[in-house]
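Next up, some structures in structure tokens.
One chain, subunit A, appears in both complexes that follow, with subunit B as partner in the first and subunit C in the second.
Let's turn to the complex of A and B:
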């Protein structure tokens, strides 16, 4: 805050990084997992088999279900099955305030699916931007934390003048603090473009919610109108207030599909049963960065086209490309893996930064650590190892909870948070070095147990080889990491005992 | 170990430590004031700028809103960096207050124009 630009930015980097670190670590980890959302969902519903299916008959089955179960809804949404999500997902909106109703239907029969009740990969996806809280609260917390992270990134770059040299610098053995500092720099700098991109595009993805004042000023707050003019959605046609008969759905969808080469993704019916009902056919994003779905709206009673979403204008294209970059729907296998690795590097940057904060403030031999240091140490372990423990427990819960348990999906979430909370409590109760080793080992064992339990409780053979390999890899990495920490500590203590010299010089310094 | 120049990368050392021991309470309230100024002042500037640019950028209004919203977070980040980089709290407040006043005035004029001009 004082003493020149670089010093004030160093201060800002330290404290902005600390206050936002725990939330953003969880956001990075769950967001990184979300790159494989479809694969996680497939693993978590072992009753379903991936494979192609016919979108239009599936959409008809979804609409038939909604006609029977939600006849009074304002809007119906039917998500067509995809090769990697072999289920019809239906949602309905009873009012603007009420949460969406939802059901998962079997692709062939259109009846509620026999697959186990689970949120699947959507659990981490929603956690990533809502923390599984009330949407408004969770999104604002994540947004504020992301904004602070952006500040920490900028001030970190200013602080760091040897950015290129530090690509190649890793002085693990010089001292604990050097090692952590270099690890923080390497993981941070190596994927710096990704970190900046993913943070800014993440904020922009919910940008109209965080910064609604442009819409307020130019549209008098009518954000639906803005989205229509920005070519993101079709116009909402108000209900006529009298019942109407809809033309058959399949020919409409076939006509829409005739115009657009992308696969059908969703069918929306606004004001179903009304004389003014609208059917909107929504297609998958065309190849490219921009997050825009081609859409065609029909008058449900006459079957005539009432609206087509227009091509994107330049600024809207940039805006939606930011969203597209964040979600990486465009990425094929290799690029997706690269994004995944960059996400892991981001999580590692945050984790090493948090640890570095405590290492730089380690008390001299004989001094007791203060309250702040003990709190940060506990929260560090509770987050950095507690979250993976929660995730592994979540996967195990998916296999071990009885399939017909009532509110099963909620229980899975309970297992996730319960295991995480337990780990956090343990990390506060145990001496902190012990806690690193023990919880690291626990996380490793839990991840290692996932493929074993999966093989014992399902008969899918080798269908999930990649998932199992990822679990084993994570488990191994966590267990080895824990072992490394314990060895390193043992060596240090031995060295200290052998060389009882004057107290070490505190190392808050960096050569520049 | 060669220490040519000391940089407090991970610690508030040097003058800040002295300031802290001299008056812990004063230091903390100074930090709190900057945090408050950065959060509320920064958001006020970014929000006003978003509204102002949405009305005045020479493009279709949906494009103006998209552009303004896109850059608003860069404005917010810049404002926060400024608040923490300024030498004194007063400079920080003035440096933020002046653009807020200017953009606010501009927005007021632009809103007037919207009210009197043809509907957009």
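Let's turn to the complex of A and C:
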């Protein structure tokens, strides 16, 4: 080896971190927001009010709607109302290729709700692993970036070998590079178990998609049987091709509920209307790390039980526990807050690492920055501040777009990407220090505006206090950060003006 | 996994990490304004690790082997962030805060 091991690792860490940093920053931020997916969805549908509901009559209403509106579908899915999602959500599959049809029904009447058309918290959830692209492409990009991030994490532990000796060290009073390095190390090491866990389990979650060949070889192309044996789903019973009469649904569901103590979460009907139709009752995950839903399948014509999902075998238990750890559905309010904090630290580690790359390569006084440096600086600001600006605009769009706008949910996504793209353009065109201040302030103002606009456009009063507080907190943090950058800049410029040396036109004059 | 059990975890982890921080010469000098003897540093280190072990035990007792370790690691991150914040911005507060954390942990343990 021409260089030492540590230098090689430093090189690897630097470049693995840089190429994946922007994508992974967005993945971390939207993933962290997804810990509060249900709360975001509730906020984004202010017409809906949480209330008590009975799962079985709700499932009957959902099936009745599907019978009327999607009689020819291959499969129906009815999701029972949840405390944090007070609607009956119905989906239907017309073919394996077509996207699922979907509708949201009122819990009491079973008719489509009048709630505004929005993706709610699912928008960030899907962005987190598909980047709102074509699903397969987005998943491959996120997966490849996550694999490289895992390399960056492990090489980073070797590179920043002083992280444990400097465990509590954050030197704000030294050089800029020292401060950024300390911030990168501290945010990295304090949540290191989380960073490793979340990156690894994230890759594992979609592992079968990235490496399908083991399953294909072992199951000779019958991939569905793999999922049945892994206790993730019930067997697909092919259609008989002749119509059949189904027994009433409610007694079946009541029998299933008698066997399982968890609440009913979803009812699936495969091949509805066929003589071989199957009704599957899916229950919520028992409280535990493993992500698995108890399921009971009935023959719809006779009402007899055809299948029960098996208890997890060891390998499947490990896999589902990894998934469970990643999603943290088990986490109570306080633990969820800690997961959220860890997610923010992850995003901060990536952001400080990206900034550190540019600080370490800052040109000497009098030299012009090269194209690469200017590009990275612009992309850094465009991502680190552009994404929060997009998110705040997305929330504002949810409140300000007309409720009856056609394709409203798509428009909300358009607002998100439009605001982000605008911020990215500004960050590439403005001098980079000014761009930090201006966009930071813009992001702070946009987040600060969310509770105000929310209060003015809905009659929900103080129902969303926690959400409003979080928005104000984020806005304040971003605005203070912007102020800090401009103050730091003012001091630097003053020091530079006092120091004799080659004259240099300052990048934008300092506000008094 | 009640808020009280997490509060107990956070308080013990915070006290432990604060002691470990004080056991490091550089931080001790910044916080106390003077150096420390080796015996003092050893005592602090011992106390720190003992508190972290107690925090782990508390997590497993209150939240089971299933979630206890997850909760313990989460509390370490949260507590460490608080220690770093105090050391950097309010070093004088760290000793009183760590001492205050112990009765708080006791109260949470009695209530949990």
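Please note the rule applied: the second predicted complex is superposed on the first by the 498 of 512 C-alpha atoms of A that agree within 3 Å, B and C clash if a C-alpha of one lies under 4 Å from a C-alpha of the other, contacts with A are read in each partner's own complex, and residues count from 1 in each chain.
Keep in mind that, in the parts below, a contact is a pair of C-beta atoms (placed from the backbone, for glycine too) under 8 Å apart; a residue touches a chain by one contact, two chains touch by 3 or more.
No experiment lies behind these values; they were computed from the predicted model shown.
Upon superposition of the two complexes on subunit A, no clash is found between subunit B and subunit C, which fit side by side.
When the shared chain is aligned, no partner comes close enough to touch A:484: not subunit B, not subunit C.
Once the two complexes are overlaid on the shared chain, A:69 sits clear of subunit B and of subunit C alike. In the superposition on chain A, A:334 contacts subunit C only, with no contact to subunit B.
In the superposition on chain A, A:325 makes contact with subunit C only, not with subunit B. By the touch criterion stated above, A:12 is placed in contact with subunit B alone, subunit C being left untouched.
Contacts of A:345 after superposition: subunit C is touched, whereas subunit B is not reached. For subunit A, the partner that touches more of its residues is B, with subunit B and subunit C as the two candidates. Superposition on chain A places subunit B within reach of subunit C only down to 16 Å, the least C-alpha distance between them. Taken together, the two structures place no residue of subunit A in contact with subunit B in one case and with subunit C in the other. Against subunit B, the residues of subunit A that register as touching in their complex are 1-3, 5-12, 14, 147, 150-151, 154-155, 159, 177, 181, 200, 203-204, 207-208, 210-211, 213-219, 226, 229-230, 313-316, 318-319, 322, 356-357, 360-361, 508-512.
Those residues of subunit C whose C-beta lies close enough to touch subunit A in the complex are 1-3, 6-7, 17, 20-21, 24, 26-27, 66-67, 70-71, 73-78, 80-81, 83-84, 87-88.
Subunit B contributes residues 1-16, 19, 30-31, 34, 46-48, 50-55, 59-70, 72-73, 76-77, 80-81, 84-85, 87, 107, 110-111, 114, 120 to its touches with subunit A in the complex.
Looking at the complex, you find that subunit A touches subunit C at residues 167-172, 186, 190-191, 193-194, 288-289, 325, 330-335, 338-339, 341-342, 345.
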